[in-house]
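Next come two complexes built around chain A: one with chain B, the other with chain C.
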Partner chain A sequence: MKSLADELFSDFREHSVSEFFRRNAAMLGYTGKIRSLTTIVHEGVTNAIDAAEEAGILPKITVMIKRVNDEPEHFRIIIEDNASGIPEQYLPDVFGKMLAGTKLHRAMQQRGQQGIGISGCVMFGQITSGKPATVVTSTGKGEAVRVDVMIDVDKNQGKIINKEKFKENWRGTRVEIEAKEVVYMRSRYGPFNYLRMTAIANPHARITFVEPDGTLTIFENATDKIPERPKPMPLHPWGIMSDDLLILAKRTKARTISGLLSTELSRVSKAKADEVCRLANVSPEKKPSELTWEEAEKIISAFKQVKLLAPPTSGLRPIGAAELENGMRQILNPEFVYTLTRPPKVYRGGLPFIVEVGIAYGGNAGKTLESRGENEGAEGEAGMDLIRFANRAPLIFDQGGCAITAAARSIDWRRYGVDINNAPLTLFVNISSAYVPYTSAGKQSIADEPEIVNEIRTAIMEAARELKKFLYRRLRAKERQERAGIFEKFLPVVARKAARLAGVEEPDIKPLLKKIAGVDHD
Partner chain B sequence: MTKEATSLEIKHRKKALQALAELGRKIVEDIRNAQPPKLKIPSRSTSNIIYDRKNRYFVLGPRYGIRSAGSMKQIKKVAQLLCTADFARELIESGKFATLREMYYTAEGWEVGPFHDQGESDAIIEDLEATFGLKRESLGLTPEEDGAAVFGQIVFREGDVTIDATKAGRGGYTIPPTIDDVEFVKCRAKRIIAVETMGMYHRLIQEEAWKKFDALIVGLKGQAARATRRFLKRANEELGLPVYLNCDGDPFGYHIGMVIISGSANLAYINHELAVPDAKYIGVTASDIINYKLPTDKLRELDIVRLKQLLKDPRYNTEFWQYEIKKMLEIGRKAEQQAFAKYGLAYVVNDYLPAKLKEVEGKEFLGKG
Partner chain C sequence: MKSLADELFSDFREHSVSEFFRRNAAMLGYTGKIRSLTTIVHEGVTNAIDAAEEAGILPKITVMIKRVNDEPEHFRIIIEDNASGIPEQYLPDVFGKMLAGTKLHRAMQQRGQQGIGISGCVMFGQITSGKPATVVTSTGKGEAVRVDVMIDVDKNQGKIINKEKFKENWRGTRVEIEAKEVVYMRSRYGPFNYLRMTAIANPHARITFVEPDGTLTIFENATDKIPERPKPMPLHPWGIMSDDLLILAKRTKARTISGLLSTELSRVSKAKADEVCRLANVSPEKKPSELTWEEAEKIISAFKQVKLLAPPTSGLRPIGAAELENGMRQILNPEFVYTLTRPPKVYRGGLPFIVEVGIAYGGNAGKTLESRGENEGAEGEAGMDLIRFANRAPLIFDQGGCAITAAARSIDWRRYGVDINNAPLTLFVNISSAYVPYTSAGKQSIADEPEIVNEIRTAIMEAARELKKFLYRRLRAKERQERAGIFEKFLPVVARKAARLAGVEEPDIKPLLKKIAGVDHD
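After this line comes the complex of A and B, so read on.
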């Protein structure tokens, strides 16, 4: 007899994921005309950086957005990287098949996690413009291939429409997507801000951006150090849900449930796997492919009753305080920067994460973007600019519901001498984890986990204390300067007049000036 | 002023220039030693104004304010004070005088910036006066107004001009702000009678009171100017002339007399140059009002308040004053100097003054009293 879960799961398998996407485009970030464009850029750039890092190459990425036929809501988005290129046979799957990436089955702390990303872009372009995506790629052996890819929505398969090979001394991948119903704006939510934020969090990446009006901006890399590769790690039982377990069950090479649990999951020994199966009342010898939704749920809850070692923190790859500082200095050119990387912490009893915070003051820090560019004439915003990141990827939307926003707002900034409505201040917060608790599949805000909120709060306060010291020193320096100015103005008068009264030669004021005003004249 | 300086002028200038040079030397020395120059300026706040019972006038107490060139808040004031001092030096050296107002406008051109108002520049001049114990007139600075007039047998020399105060016109000799540089060449008068109003002054001249009493008649023109007070002080000290004061018989008349005797609180820092503690107030008193049955006015509310203030004022803490003040309050009436005209214009000279002078000097005048 088939259980309800069996039916559910068979549904899950038979339904085209692409079809699912098409119906739920909004959930994946394709909502609103500005946001949809930013999402395409995000997916492309994320893939590009990941690919370069994976190949041990300093990412050099070019993003171009061009208007098509002078139509206001019709654009061609071109994203090019210098990574290792994609072997021809993988092209249909990479760009045309959902959940086909190299990421899902590994608990790696990477920007993308689900493997929906770039194929989602292809899908969005296809739905709105009816045009295929064009991909040019070369693995650097003197030959390149250009293909037009479309997605067969029913079969969840990529379809190559045109293919062309040519000689080219170049390595990398170039994706071109044509989309309608998108709008380009240089606003907080637009691609420019997205790339600027990306550059801050990825100081090793060099990003070139050409806007529709031809404006060229280069975000130079601030470091030549390629971040250490995150180690692929098996998922930890505390961080997975029933459907994750089911997906693992479909992919595993293990022949039993017990084997599935002990080989595919972290910190689960054979004995522990058997114990969990016993608690869940699931046969450890059952074939993984026969695992039901119901059984998966029972196993997940059984894991909560046994003692497990927490996931290792060794896989966490924060940006690093020094690199982050480089990034913030490069992009914001501030008077003051303080960055910090907190030690790893856990939430939900053991899921590791690391919080990083950076504060930049002065220069181009603060909410200045709106007062430039296309919104010229509009009232420029001022004050603190909170920029949020998860695994270095900018979180641009859903700011209000995010744990980072809540933590930043919970701080009494006046205590640190900061008027957040006017201060030229950029507050950077990045959460690194293989298990970032997003509030939705749009992955734009972090769930309100108390340990995470507290940790962010602590980190922000630590940075704010340093800012307070800087502001105090700056104030003192200003006072000193004013002080020096006053003495420099009046002391010579005092000396000259006194000398004339006494009928003697004017005394040298320099030693006294140095003493009372700290002024050193050469 | 004339180009030829009198020996008196030279003496005064030397004294002022020495004080200024001393100030300059001290500051130059401090700067050479990399020490912030500090000025010790006697405090002129009311809490530091003390009535000196021995000398019978107001003096400054022992408190000092420090103006340091090492203080961000004070260095501008120090610079302004030195600019003023140097301006004074230029004035003294060239033998010129400037009014306080001119000094205020001169400061417009200084690099230490203009003063906000004349009060500010006047305050700096007072700082200098208090610091040196020198009058502003000694620093080449004068008030706007001249002193009052004097008539009688005295000869003055201003530079190379000699003036006989009986031959200076009906109005007499006008006391200049620079009275300190005026030499007393000759004096045959034996006493000074200073009167509050110019009406009474001219009455005394017409009736030849100066001749009758061997007196210099001084018209105060109300509250006496600094120059007038300085003249009375000098005449009292240098010529040994007793000073008699005759003012209206009301609290304000009393006080015009008292300021000449004991000085004012405002000028406590310079009273040693101005007060005439031995000057005598001879009238009009409350007793005079009764004894001479003078025509009177009712005391106004302000008069009563003022009289009550005087009762508590240390300068009035003598039997004579306490009695006269209380008497006036008791009768509730006041009378002007010129009320004696009730008995004829000459009455004041022929009857009243001889009686009063007899009281203070114990001898007969004009065979009366």
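After this line comes the complex of A and C, so read on.
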């Protein structure tokens, strides 16, 4: 006889990760009709810029959003890059399989990290429009391939529906997603603002955008300097847990524990590895596959007793203060800009990150102007516009829970002479790290690790001090101008009357006026 | 020669969902040392209550948290239920494989829905302590089995490390997780408050809790009524998209489209199915496996043209106003309670849900008192305490982004005579649905679907009106008492003096005083 338990468990089944995210698309950022469209653009552009940089190419990206059949909530989203192209055999997995990719296992600073993004787009298109994604790609050898790809949700596998090869002298990848139940708007949360923010943080990228009504906008690149190709950065011993070490031990090609430590971790020489093994009472000649949890724990704690160089930061690729300034000037055309790149710091003991801050005042800076050219649906907010980035990708949703927002809010802006509710101010913050601690799979919000929050605060305050100086100089210049105005009005009269009284010729007071207007006497 | 693309893609790999969540444990709620411990308790207790209810048993749950080796951040968490037990062959998958379970594919209102929860606990224990989880279970036939189980992260598979069978006259399941890097505190976000909230929303559950210092707390069940066993609820045609219909078509046992519609969807008779097929111009005799996307779209839109009964709500299992009142009285011991269960509503056209609200005033209600017995680390907040629930499971994190919080904040509480910053008030909100729209895998926050927010607002306002009446009555009673006090003091003097002046005997004024104190003359 079957027990109650047997009966209750009789329909126990395994489900695929695709099926999971199909049912929980909100976790990937597919929530709301405007946001869903922006998420597709975000995933496509993120992949495109990463791909170009990885190939050492200046990114030229085209984004087109076209209405389908004149339906209000039905669009085709096209994203094209000029990167290295994708070899044909990888197409089903890149676009149709979740949790597959080259990035997941490499400690490298890139925008994408999870292997879900672009297959998530394909899935969203498929479940709303029933249409496959179309991918055209060429690795630049005179031939291109075009495929229609869908996801087999039950198996988490890409299915190629159509395939066609043709001659083409072009290199790059073009992805087309057809989606329903999305809405195009030029709001703060729409694709236009997303691309504008991307352009600020990626002054080396040229982004062409065609809106559904045919409006063409080109965000020109503000620099021709290609960022260095990202480099894998081995983990630093201070940033790992015992479990990480065991996983490295399982995957390493090293044949001894000593070899494991010195090849798989950064800042660990052979001598240092042996010293740590001695302290941990673990034989340096032991096979990595035989490492036990207790030994791993002892090794991790022994690393805390030895002197090590701080984690390497050569793999981090901040924007650079000069490039960021170019980007902000190009897009915001402000009266004043100050940008800074802080030196690298670490959080959780060993995970390196770099904070960059830019502050822009006047011109098109500030919230009121950010949404320049928006539709009527746009909010007409005034005051400081905080724009958040992680590895140069804009974070535009879930602002409330983000470490960047928390840091910016914690500043007493009045001390810097700024009324954040009214000032035409854009505050830019970017965090670069191979390990950005996102709070969700939608990657829109950074967890409030104390070291990160503090570092952002420090950076913002440094920029705010420069803004304060600028505002002070500006105020003084204004006062001086007013004062000069008064002299300019009355001095000629005084001079004329005094000359007449004294019976002398009227003096030339122009040099004097110039001096008053030009020089600050205080 | 290898192209650049070939080189860049050479280490393209597939990763398991376990590996994904190992790297992104924050997405499952493992963020922060206090929260991580509460997440383990949450997952264990959620499973325990679900299992008992599914077996039609009054849940008796025991939770024990024990310190290991006197280390400050190292604990063993033990959760035991009295449910049906788990057949031995399912143990590796239940505890060691993510996205496996009986719940994912059934449209049934349960706390757990994702098949990640308890295997997430096993993983978190494993990556912080290196130890397997220990599971003891018996289906009640005189024999129990004890296994140590770990997750093979690369394969997303459970591995049984040890197995032992023994005679035991007991039925249920006990899970033991050993975790490091967690902290025990009696704060708002700690396990004590979590269990207290669970007890309020589950008055039929008896929860025994042993804290690390040995303190024993029993949250007695306030009712003996077992909630009905959850029933699968077929989807209503108004709540599905074309893609859902195609997936049903792929999995159904029905042999025709007409059969598909009338067996897999609710409120669709054979006649209605045929009518819809005619409207959609799809043959009712066609095989479900041959249904195309275009046909599915036509069927979905045809459903919107025919009359249908509203979605069934028989599968929804709200707490019930009387049971909720019992729960709130038992735990909060308030001066005033009002509870209500609203009639079922739907969101997104066809997904049914029920909102319940309870309001408690005085006694142990309100934030200050919520943390009664807390450690020194606890916050001493005053005023309204909003406690949020989904399918009776407490939501204690991510309060900011939640629809319940938004609804509660949107109320003008002064209109109800309440100062929410000071009043000793607990506001309880529970949403019951087979499709709670969570915003993340951590399941701590509900997306702000407009129908849901409005319904919560309406329910809160109804409860607030009753509170207002109570507060008014209370105020009047107080005034009356004051007035009676005045008469009581002066009337005897007046009576005595007047009697003396009139030369008559002093009258008995007691009946008069009683009348003044007892009756309201206004």
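Simple rule for what comes next: the second predicted complex is superposed on the first by the 410 of 522 C-alpha atoms of A that agree within 3 Å, B and C clash if a C-alpha of one lies under 4 Å from a C-alpha of the other, contacts with A are read in each partner's own complex, and residues count from 1 in each chain.
As a working rule, a residue touches a chain if its C-beta (ideal position, glycine included) is under 8 Å from a C-beta of that chain, and two chains touch if they have at least 3 such contacts.
Quantities reported herein were computed from a predicted structural model and do not represent experimental measurements.
What is the contact status of A:Gly400 with respect to chain B (first) and chain C (second): first, second, both, or neither?
second
Identify the partner contact of A:Thr128: answer first if only chain B is touched, second if only chain C is, both if each is, neither if none is.
The second partner, chain C, only.
Give one of first, second, both or neither to describe whether A:His236 is in contact with chain B, with chain C, with both, or with none.
A:His236: touches no partner chain.
For A:Lys515, using the defined touch cut-off, is the partner it touches chain B, chain C, both, or neither? Pick first, second, both or neither.
In the superposition, A:Lys515 touches chain B alone.
Counting only touches as set out at the top, which of chain B and chain C does A:Ala495 meet: first, second, both, neither?
In the superposition, A:Ala495 touches chain B alone.
Which of the two partners, first being chain B and second being chain C, lies in contact with A:Tyr438: first, second, both, or neither?
After superposition on chain A, A:Tyr438 lies in contact with chain C alone.
Kindly classify A:Gly503 by the partners it touches after superposition: chain B alone (first), chain C alone (second), both, or neither?
first
In the superposed arrangement, does chain B or chain C reach more residues of chain A?
Per-residue touch count on chain A favours C.
Quick one: is A:Phe487 in contact with chain B, with chain C, with both, or with neither? Answer first, second, both or neither.
A:Phe487 sits against chain B, while chain C stays out of touch.
Would you please give the residues of chain A that touch chain B in one complex and also touch chain C in the other complex?
none
Can you name the residues of chain A that touch chain B in the complex?
These residues of chain A touch chain B: 482-483, 486-487, 490-491, 493-495, 497-504, 506-509, 511-512, 514-516.
Help me check something: in the complex, which residues belonging to chain B touch chain A?
20-21, 23-25, 27-28, 30-32, 34-37, 69-70, 72, 75-76, 78-79, 82-83, 85-86, 89, 111-112
Hey, which residues of chain C end up touching chain A in the complex?
Those residues of chain C that touch chain A are 3-6, 8-9, 11-17, 19-20, 22-24, 26-27, 31, 54-55, 84-87, 90, 93-94, 97, 99-102, 104-106, 114-115, 126-128, 130-131, 139-141, 153, 241-243, 246-247, 293-294, 296-297, 398, 400-401, 437-442, 447.
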